[in-house]
Amino acid sequence: MSSSFASIFKISTWGESHGVGVGVVIDGCPAGVSISPELIQTELDRRRPGQSSIVTPRDEADRVEILSGVLDGKTLGTPIALSVRNKDQRSTAYNEMQHCYRPSHADYCYDAKYGIRAWAGGGRASARETIGRVAAGAVAKAVIKTLYPDLEIIAWVAQVHQVICPMSPADVCAATVESNMVRTADEASAKAMIAAIESARSAGDSVGGIVACSIRNAPVGLGDPVFDKLEATLAHAMMSIPACKGFEVGSGFAAANYRGSEHNDPYYMEGDRVRTRSNLSGGIQGGMSNGENINMRMAFKPTATLMIEQDTVNDEHIELKLRGKGRHDACVLPRAVPVVESMAAIVICDHVLRQRSAQI
Amino acid sequence: MSSSFASIFKISTWGESHGVGVGVVIDGCPAGVSISPELIQTELDRRRPGQSSIVTPRDEADRVEILSGVLDGKTLGTPIALSVRNKDQRSTAYNEMQHCYRPSHADYCYDAKYGIRAWAGGGRASARETIGRVAAGAVAKAVIKTLYPDLEIIAWVAQVHQVICPMSPADVCAATVESNMVRTADEASAKAMIAAIESARSAGDSVGGIVACSIRNAPVGLGDPVFDKLEATLAHAMMSIPACKGFEVGSGFAAANYRGSEHNDPYYMEGDRVRTRSNLSGGIQGGMSNGENINMRMAFKPTATLMIEQDTVNDEHIELKLRGKGRHDACVLPRAVPVVESMAAIVICDHVLRQRSAQI
Amino acid sequence: MSSSFASIFKISTWGESHGVGVGVVIDGCPAGVSISPELIQTELDRRRPGQSSIVTPRDEADRVEILSGVLDGKTLGTPIALSVRNKDQRSTAYNEMQHCYRPSHADYCYDAKYGIRAWAGGGRASARETIGRVAAGAVAKAVIKTLYPDLEIIAWVAQVHQVICPMSPADVCAATVESNMVRTADEASAKAMIAAIESARSAGDSVGGIVACSIRNAPVGLGDPVFDKLEATLAHAMMSIPACKGFEVGSGFAAANYRGSEHNDPYYMEGDRVRTRSNLSGGIQGGMSNGENINMRMAFKPTATLMIEQDTVNDEHIELKLRGKGRHDACVLPRAVPVVESMAAIVICDHVLRQRSAQI
Amino acid sequence: MSSSFASIFKISTWGESHGVGVGVVIDGCPAGVSISPELIQTELDRRRPGQSSIVTPRDEADRVEILSGVLDGKTLGTPIALSVRNKDQRSTAYNEMQHCYRPSHADYCYDAKYGIRAWAGGGRASARETIGRVAAGAVAKAVIKTLYPDLEIIAWVAQVHQVICPMSPADVCAATVESNMVRTADEASAKAMIAAIESARSAGDSVGGIVACSIRNAPVGLGDPVFDKLEATLAHAMMSIPACKGFEVGSGFAAANYRGSEHNDPYYMEGDRVRTRSNLSGGIQGGMSNGENINMRMAFKPTATLMIEQDTVNDEHIELKLRGKGRHDACVLPRAVPVVESMAAIVICDHVLRQRSAQI
């Protein structure tokens, strides 16, 4: 189990879905950063279920408590422990999930690897695990904001099933994204995406899609070649989010369709600033930020929990039928948006601090 | 600069393109593994330029030397240092590359981050950097082979520009891949891909594409949730390879087109083995291998060095025109195949060792 | 701030003296270990103030809560979060400690390094910080007990001021150590040590001393040369305990008085077991355990907080006089005993897991 | 095997005594530091055998080669690989050492842990292993010198067997230390120490002693509580040096003899600088440097290889007699001095870089 991430701004998340709670310890946050419970709570509220008609209607209060590392609203340089209590602690009632392996869930692999599994609600593999990420991301954003007030990290839903948001990354506006319940970049796409989600949900089914993320106004040089290149650490961060199946930066998989003469981003001077005329590099060259927008896209599979009967096996290796119960998101993407932003913020914050040792 | 990778089977690569040499130190390889210079050399030869008419014709001998960690053909458990001397050490002749930023290369970012740059031949950002990866990968393969003789790691070129190899991952055969100079999975695709590369090369241009990789017969449970999930560490590894722009596992970006009922992989029993009927998960569920084939795909951009004049700037921030010189691959994908396999082997080897602490 | 320790059995402690609480996250504990709150509480109770007349009479309940990582009394392989709430949260009353640098305390250095300081009760530099260590140590002991039931970790007070316990390490018995309030190895020493502590306390003064620790029945081979030798990681662990000024293993500083012919430990066979006739090596050769008792000693300085007036300066760099207030241990050593054992257990547990990758 | 050390200025050493060579890769050295082969060679020459009549007369040339990371005398920010070829590569002649466990050497533990052992010359457990440390230490010193020109790291032999150098740490002068072959701090002690060493050597025996080290003019705040306190990381570094049996800082083991009122270091102002009147803390409080001299002492056991017959066993567990052959140091301390300085420099350099993230 490796629930630790990053190099200087190190986070360790903990917690099972139906245990006492979930949380994170941040070891390596610089002293002197302004932090408040509200700042963290705001991000957690964006991740929370029950915000709108299209996400799961459970009411998880998810109140964060700052246990350490902050005094009078300033970070101390000591570890910041953040905790959220679970409301739905483990049911004592019998639950068929205890012995059944849900298709395309983590159940079987947890049993195989550890010989034991927190079966209630998915345990550590539950989406509740992302609470620690978002809480840490809120702190990372505060660090970044202090050092680079113009740096902006914005994620949005770029595709739900076959509905594609046509907005160019450079034109996406945070206020618009937060104004619609699906967190996409324009109203028309929002309507169509919501329809696609409702259609799946009413059939007991689910849909996936693509989340895009742009980091604007990053300083030049973030990223540590050769293994901790910016895109490599971002990929690590994003691919660790539950249900993420793909990561691309800049031209991404479309790179295959270009010739070099079309794909290279020619340099030019804009005043005293080195710029590129195109940005197929996605703001990263040689593994380091080049000052252009850092553009990436992450694919998410459809929610695995369905209200439809499926074939599966149990932990005694008996084949059986399974139908999901309870309330689940028919599409995780709207709630994945703050998780993506948080992981991006943690990576950027870590590289900003690592950057301090690049030169003598 | 972070040239260290992995957790137990730790590698540290070093070396610039036109310095004394390149190499790697592996710290954490178990004792008792059979290793020979030939075993490593065979992998390095696959990566070497000049193997065929479509890759750069430079003759780099790239002879590996085992400096430590092996006695009488067995690993000692001590660090394994592997070194390859450069033949083309730094030219003393004036080189315009010294002050010019090649478009979509690392030059500008290195200067911005470090204030200094090994300009000759790309320095640390040269493809020669991957020699250390391939040498370490050969050792990782030997560890894996000892523990899991049936485990197979195979990569191939799945697309070059618009030529797509139609072969299904499960049908790809290593011998076929090595039998054609472009390292794709069938002869017809090989011909078409070579034509596409030759066409680009004759125009002074370049093409990119997609490398696919399958890991077959892996044990169940590899991968450490939540941050070092198998797909997350594979993505980190792959996205750190020069020119890689995208990573996907299983259904990948196509996941968006499925409903959950189509995307879930139903479990069934095959004898006493838990299997899935489909494999859109790509052999990984909950961040751990489930025993099915682990299938991934990596996008590579077209080579940035072109024999065509391009706009750029120099380190005095003067705009100018640049045309590449020397001999360069018009398509890096054939040589990327062993690099992809090596990074996959390092990740798998590391997880195999981490796995030993999963249970009491 | 680096509040993370160890390599596979990784711990991250958090918490300030007068914040919300203190605790630890253990990331990397194998699944299947039996753990209970009582098991952890028992160790915490040994560390707690107010156990006897010679330690500070504050009544800190220090009730541990297991927040994650354990189900039905078994570890899950997921992070184990342990938390203890503080009773004495930050006083709102004015406190001269807020601006004054107590001599030989951490106050000045915290201000200099971080520009901010949790002044109440010493903040992160308080002895309460060791709660996280002891809680993690209890889990480490449980892992060790499962794998090596005969392995014993025992610490005791070997010296208080000028009173030296004459007991040979091999003869020290855990029951005797726990039977006297100073945690030394025989009753006569206990009486004399208590007298020395009472004498210092009545003068508003304090005393230091030496804690010894033996690890018995450890397997051969623990320790990872060349930098993570067993004695090097033990030294790291022990020297990180507040007030620890010295570490020695085996002959330690007395090694200087021996010639090689006197110091070498000759090997002999005891049945089929390789043994040494003497044990000046302290159970470690070449950085690895050799199967003999691992013997070490740690020096602790006298408590820095005194009820006697001392010269010092404040954070405005004004010289002034200071006299300690409140209730403090006149000698930390009895309470350091469980902390030493805990750090030893964490190191041993980590090496036991690392050991699993030594051979193929 | 863990041959990696430190956190930002990461080193990985490699090499066996009678293999191809020994060396180190430094990953994380900032760009822009002036480095030359001579600078590194000078330090290696201090460590080399054959410098004087009292150390082993073998002539090891130990020429360092910079393989990467430096261009035109400046560090590039990329990994710095340093290599020294062995002259005495593995003898093909039969050697009884191959099967015999030398008392108080690492032989038995290597066999037990790894199941294999580079027996010739001690392999990885040879003193040649320290070449990588000294080479890396030379680079660390160059980084420190650039940032803190007044910071001085000086080590000296404070005791050989029963000969104690009476010089106070604050009075020790580097030129004097280098002027005598035993590297102690005054001429009279040098004579007496040399006599003690010669006496042991002529008897085929050996002696140990104590190396002291002072770090002067360090900035305030170095060290990362709570686990990577300055004294904890220094202890880790020092206790990893072959033959080191003890570490103490400031008052060290003598701390037990003081009452708190005698041991506390009162603060006062010297101009605008906070100083302490005494320095029993050894320049470290709360795990961080306080600006006073950092004083530490390390105990080294007598060389284990003796020209006297000893009892031991072999790898078939047969008891037998052994007498050392070849030429060995009767006292390692003079050559340990540059190793101690190097490890101190690596620790300080690492903390200097870590320090950059302490505040926003």
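Per-chain residue numbering starts at 1, and chain names A, B, C and D are given in the order in which the chains are listed.
The rule is short, and it goes like this: contacts are C-beta pairs under 8 Å (C-beta built on N, C-alpha and C of every residue); 3 or more make two chains touch, one makes a residue touch a chain.
Since the model is a prediction, treat every value here as computed from it, not as a measurement.
With every chain reduced to the mean of its CA atoms, the largest distance from subunit D is reached by A. The interface in A-C, C-D or B-D that matches A-B, meaning over half of the contact pairs are the same by residue number, belongs to C-D.
Averaged C-alpha coordinates put the centre of subunit C at 26 Å from the centre of subunit D. With each centre defined as the average position of its C-alpha atoms, the distance from subunit A to subunit C rounds to 39 Å. With centres defined as mean CA coordinates, subunit C is found 46 Å away from subunit B. Listed for subunit B are residues 1-4, 13, 28, 31-32, 75, 77-78, 113-115, 124, 225, 358-359, each touching two or more other chains. The touching residues of subunit D, counted against subunit C in their complex, run 1-5, 7, 13, 101, 103-110, 112-115, 124-125, 129, 159-162, 200, 203, 205-210, 220-221, 223-229, 231-240, 244-261, 263-269, 272, 274, 276-277, 280-282, 285-290, 297, 299-306, 308, 310-313, 317-319, 354-355, 358-359.
In the complex of the two chains, the subunit B residues touching subunit C come out as 8, 28, 30-33, 75, 77-78, 143, 146-147, 225, 353, 356-360. Every residue of subunit C that touches subunit A in the complex is listed here, in rising order: 1-4, 10, 12-16, 19-23, 25, 27-29, 31-32, 65-69, 71, 74-81, 83, 113-118, 123-124.
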